[in-house]
Amino acid sequence: MEKVMLLIHCKDATGIIAAVTNFIYQQKGNIVYIDQHVDSENGTFFMRLESVFEHTSFAYSTFKKEFSEAIAGTYEMEWQLFPSDYKPKMAVFVSKYDHCLYDILSRYNAGEWEVEIPLIISNHPDLATAAKNFGIPYYHIPVTKETKGEAEALQIELLQKFEIDFIVLARYMQIVSEKIIDLYPNRIINIHHSFLPAFVGAKPYHSAYKRGVKIIGATSHYVTEELDAGPIIEQDVARVTHTHDIKDLVMKGKDLEKIVLSRAIKLHIERKTIVYNNKTIIFS
Amino acid sequence: MEKVMLLIHCKDATGIIAAVTNFIYQQKGNIVYIDQHVDSENGTFFMRLESVFEHTSFAYSTFKKEFSEAIAGTYEMEWQLFPSDYKPKMAVFVSKYDHCLYDILSRYNAGEWEVEIPLIISNHPDLATAAKNFGIPYYHIPVTKETKGEAEALQIELLQKFEIDFIVLARYMQIVSEKIIDLYPNRIINIHHSFLPAFVGAKPYHSAYKRGVKIIGATSHYVTEELDAGPIIEQDVARVTHTHDIKDLVMKGKDLEKIVLSRAIKLHIERKTIVYNNKTIIFS
Amino acid sequence: MEKVMLLIHCKDATGIIAAVTNFIYQQKGNIVYIDQHVDSENGTFFMRLESVFEHTSFAYSTFKKEFSEAIAGTYEMEWQLFPSDYKPKMAVFVSKYDHCLYDILSRYNAGEWEVEIPLIISNHPDLATAAKNFGIPYYHIPVTKETKGEAEALQIELLQKFEIDFIVLARYMQIVSEKIIDLYPNRIINIHHSFLPAFVGAKPYHSAYKRGVKIIGATSHYVTEELDAGPIIEQDVARVTHTHDIKDLVMKGKDLEKIVLSRAIKLHIERKTIVYNNKTIIFS
Amino acid sequence: MEKVMLLIHCKDATGIIAAVTNFIYQQKGNIVYIDQHVDSENGTFFMRLESVFEHTSFAYSTFKKEFSEAIAGTYEMEWQLFPSDYKPKMAVFVSKYDHCLYDILSRYNAGEWEVEIPLIISNHPDLATAAKNFGIPYYHIPVTKETKGEAEALQIELLQKFEIDFIVLARYMQIVSEKIIDLYPNRIINIHHSFLPAFVGAKPYHSAYKRGVKIIGATSHYVTEELDAGPIIEQDVARVTHTHDIKDLVMKGKDLEKIVLSRAIKLHIERKTIVYNNKTIIFS
C-alpha cells in the first residue's frame, strides 16, 4: 500500500475538485482525506488531499508525471506531492533558552512526529549536553558581528550536507539572513513571544507589562525578510493580571512558546500548511 | 443562480468522492465547499458539500431525483439535500430564565441567522413581554403533572401548524416527552448547564460547587430519550476559583449557556451537523 | 448593618496593612474582604477592603472623617470610600450596533448588576425602540462636524442632570472629547474590537484578516485622551482560521465585544478597579 | 532579611485579620502579601500571608512560639508556618510515560521552582536514562500483586530516608495505598487525564471518544483514599472534534497533563494551597 499527499493552489474554476478526484479514482486510489478552501476575495482555490493506492502496480513517479500533465498543467496549479512515507529532515537552531528545545526533543524521543532531526545548531555551547542526552549531533557555531557571514556559510554547508528540509528556530536569538531565507522559503519556523502583531521586535514581555495587557501570547510564523511579519502558523494566549511582574510573564510565556512552536512544527511536518499572500491556509 | 447543500453518510468505499464530485460536475455545478470524514473505526463515510448552479436550466427536483438514482442508490447513502435559499423554521421553548432567549432574539433581530422564528412556547407567562418586544407570537401553555399530555398535544398542534423544522429548548425546565422527540429526531437542541457528562441531571452548579472543580461548562446537545445523554453539538467552559459561590457559578454559567446554545443553533441552521452513533460530525 | 468599601493606593511602607485593619477593628467593623498588591517596581501599595458594621451607632460620615485623619493623612493615601448600598448611575452611549446594548440591557433587566441606568444617549435614532422596550429614556443627539461642540454641551447637561457616575461607550462610533474625559477621568469605559495594542484605530477586523492572525480579540479600557491607549480593564480572545472572512470575524468579534464589555462594567460597578500609571489593578 | 509564610484556617470571627496583621507589625515585620477568603456557607476563615523581617534580632522559633500563643491559640487556628528559604523535597513516581517527567525535569533544570528532587521512584526501568540525564537518583521498585506490600515498605523507607515533603505521581500507573496516603495527607499530587468528575477511573480518553465530547481535560488533585475524588488543585481543557480519534485524544491530552500537573506542583511548592472539606483554596 502506498500513500500520497497532494497540496494544491491555483485560480479557482469550475470542475477542479471533480477533475482531481476523478484522476485519483482513475489511478485506482482511494481518497482518505480531502479538504479545500476558496479565498473568494481573490478567487484562489486551495486543496489538500491524501490518497491510498492498494494495487501493487502503483508507481510514484508515474503518478506524479501523469498528474502534472493531466491536471496540474490544465489548471496552472502550484502543487506539491509527497510520498507519505517520507520523513522530512528538520534542523533546530537554538541559543541559550532550553524550554523549547526540551519540548521538541521529548516529543521527538516519544515518537510523536514523523520527522528526523539530524542536527542542532547553536551560537552558544550551553545546550550541547541536552542534545547529547537525546543523541543528536550539536554544532556550536559562534556568531559575532564580524563572523556572521562565515558562520552563515558554515550553517548552510551543514544544512545541505544533512539534506535538511526545514529549519526550526527554537528561541534562536539571531536574525537569520536573507541568504538562508531564500534557500528555505516558508520552511523556517520561528517562535515569537507575543501575540503578533502586538509587540513586534525585542523584549515583548517588557512591552506587554508596560501596556498592562490582561492577556499575553506567543506566535509561530514562517520567517520572511521583514522581521516578525511572516505568515502566522499558530498562536495561543494566556491570562495575566496586575500581580504578574515581568519575570512571571516570561515564565508563563515560556509555556506558551513551547506549546505554540510544537503545534506549528506538527502542522508543518504533516504538510497541513499552504502559504499564500503572506498568510497560511491550515488544513486540520 | 441556485445553490444546494448535500449531507451524506454511508459505508466507506473507494470512489465515493469522485462519484459525487463528478456527478456535480456533470450537472454543471461548481463545488464551493466540500468536507469529508471517515470514521475508520466503523468504516463510515461522511460528506458535506455545497454547490452552485449558474445555468438557468437547473431544476432542484430533477437534480434530487437524478442524484438519488445515480449516486445515493449505488452507495446506499443516507442523505439530505437542501436548497440553500430555504430558511428553516425554529420554535423556541422557554420557562422563566430569559438570558438565552434574549441572546437568541437579539441575534435574530440583527439578522445573524438564516432562520425564521414563528413562535415561542412557554409553560410560564413571564417572558411574554420579551417576545412581544421582538414581535414574535408567544404561546403560554402551562404544564402540570395532570395536564402534561394535554399540553403536549397543544404543543404538537402548534409545531405542525407553523411547520416547525426544529426546536430549541432555551432553558425550558420541563422534560420533553418521547412523542415530540420521535417527531423531531436530532432536531431538538437543548442547553445543559455543565460540561457533560459531568453533573448530569438537575442542579449541576450545586454539584460543581460541592466537588470544587476549577472549571465549569455548558453543553448543547440534541435531545434523546435518555436524559442529558444525546449527541453533543457544542461545549465551552470557564474558569472558577474558590472565591465563587453557587450564585457566582450560576451567573458565570449563564454567559456560557447562551453562547454555547447560540453556537449550536448556528451550526444546525447552517446544516453543519450530522448525527451518527449518538455523536455529531460537525463540519465547520 | 452597614457595609463600606475602601480603595487605597499610596507609597508602600511598613505597617500600612496593620494600621488599616486595626482601624477597622477599633471601629468595631468586621473585614469581610481584603486584598492588596504592591507594585515593587515603583514601591506603590494598593488595597481593597470591605467591612461590615453591625452596631447601630455606626455613622458613615464619622467613619470617613476619622479614617481620613487617622490613616489616610498619615500615609498620604489616595483613597475612595463607598457605602456599599449606593447604586452607581451609568449612562450608555450607542450608535447603531445593538449587540452590546442588548447584552447590557438584558443583564440590567435580570438584576445582574447593582447599578442604575437613567439614560441612553445616541447619535442615531435607530436603537430608540430597544431602549423603550426596557423602559429607559433615550436621547437622540445627532453629531456632525459642525454641531460637535453643541452636541457635547447637551450630553454634559444630561450627564449632570441625571448625576451620572460613569459612562459606557457601547460601540459608540464617535470620539469622546477632552471635556467629557476630564469630567469623567477613569470613568468612561470603552470597548475596542481588537486585542489591543494590536490593531489600534478603525477597522481592526480588516487589519486582523489581512495579517492572517489565528486569534482575534476585544479589549475594554478606560478612555483617555490618547486614542485606544487607556488603561485596559479586560480582554478576551477567540480562535479564527483561514476559513473565516471579514464578515465572520465581525460576527465572532461581536460575541467577544459584548462579553468583554459586560465583564468590565461589572468590575467597575463592584469597585474592583484602581487605575495607576495608565494600568489597572483588578481585585477579583 | 528573613521571610516567613503563614497559612491559616479557623472559624470566622471579628478581628482576626486585625489581630494577625497587628501581631506581624509588633514583631516589626512588613507584610508583603496578604490574601484571605471566608467560606460563608460554613463560616470558615482562610488566610495566606507573607512577611519580611529586616531586623537582625528576628528569630524564627521565637516568632513561631509567640504566634502560637498570642494568636493561633486564641482563634483555635489550624496553621502552617514556613521559613521561605526552605526548599521542600519532592519525590516523583513514574511508570513508563515520560511526557510529564520531562516537563518536570526541564523546569527543575531551568530553576523554575524552589524545590529539590532527591529521587525518582518507578515500577519500571524504562525512564532510568531520563533520570540519569538530569542527574537524579532513580529507584526501580517493581510492583506485582504479590510484592505490593514489600514494594511499598521500600518506597516508604526511601521517602523517609530522603526526608521527602511531598510526592508527585507523574502518570504513575499504580494505586497508592492507604499507608502512604496517611503519611502524606494532602501532599500527594496526582494527574488524571480527564476533566474530573467526568470519566473517573481508567481509560478516560476512550470514554471521552465514545461520548463524543467536544472538549477534553486534565485534572491535578491531591490523592485521597477514594479514587479520583480528592481535592482538585488545577484543571485545564482543550477542544477536540470528530476528526480526532482516540490516539489523537491521547496526544492532545498529554500536553494538557503535563501543563496541568506542573501548574499544580508550582502552587504546592509556593504554599498557595489549603485543603478544606475536600476542596482547595488556591491563593494566587
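A, B, C and D are the chain letters, set down in written order, and residue numbers restart from 1 in every chain.
One rule holds for everything that comes next: a contact is a pair of C-beta atoms (placed from the backbone, for glycine too) under 8 Å apart; a residue touches a chain by one contact, two chains touch by 3 or more.
What you see is a predicted model, and the numbers here were worked out from it, not measured in a lab.
Two chain pairs, B-D and A-B, are weighed by contacting C-beta pairs, with B-D ahead.
When every chain is reduced to the mean of its CA atoms, the largest separation from subunit A belongs to C. Distance between chain centres (mean CA atoms), subunit A to subunit B: 37 Å. Averaged Cα coordinates give subunit B a centre that lies 42 Å from the centre of subunit D. Listed for subunit C are residues 243, 284, each touching two or more other chains.
Residue ranges of subunit A in contact with subunit C, taken from their complex: 37, 39-41, 195-199, 211-215, 217, 231-237, 241-243, 245, 278-282, 284.
Interface residues of subunit D facing subunit C in the complex, by the touch rule stated above, are 14-15, 17-19, 21-22, 24-25, 28-36, 38.
The touching residues of subunit C, counted against subunit B in their complex, run 98-99, 102-103, 106, 109-110, 112, 133, 243, 251, 255, 259, 284.
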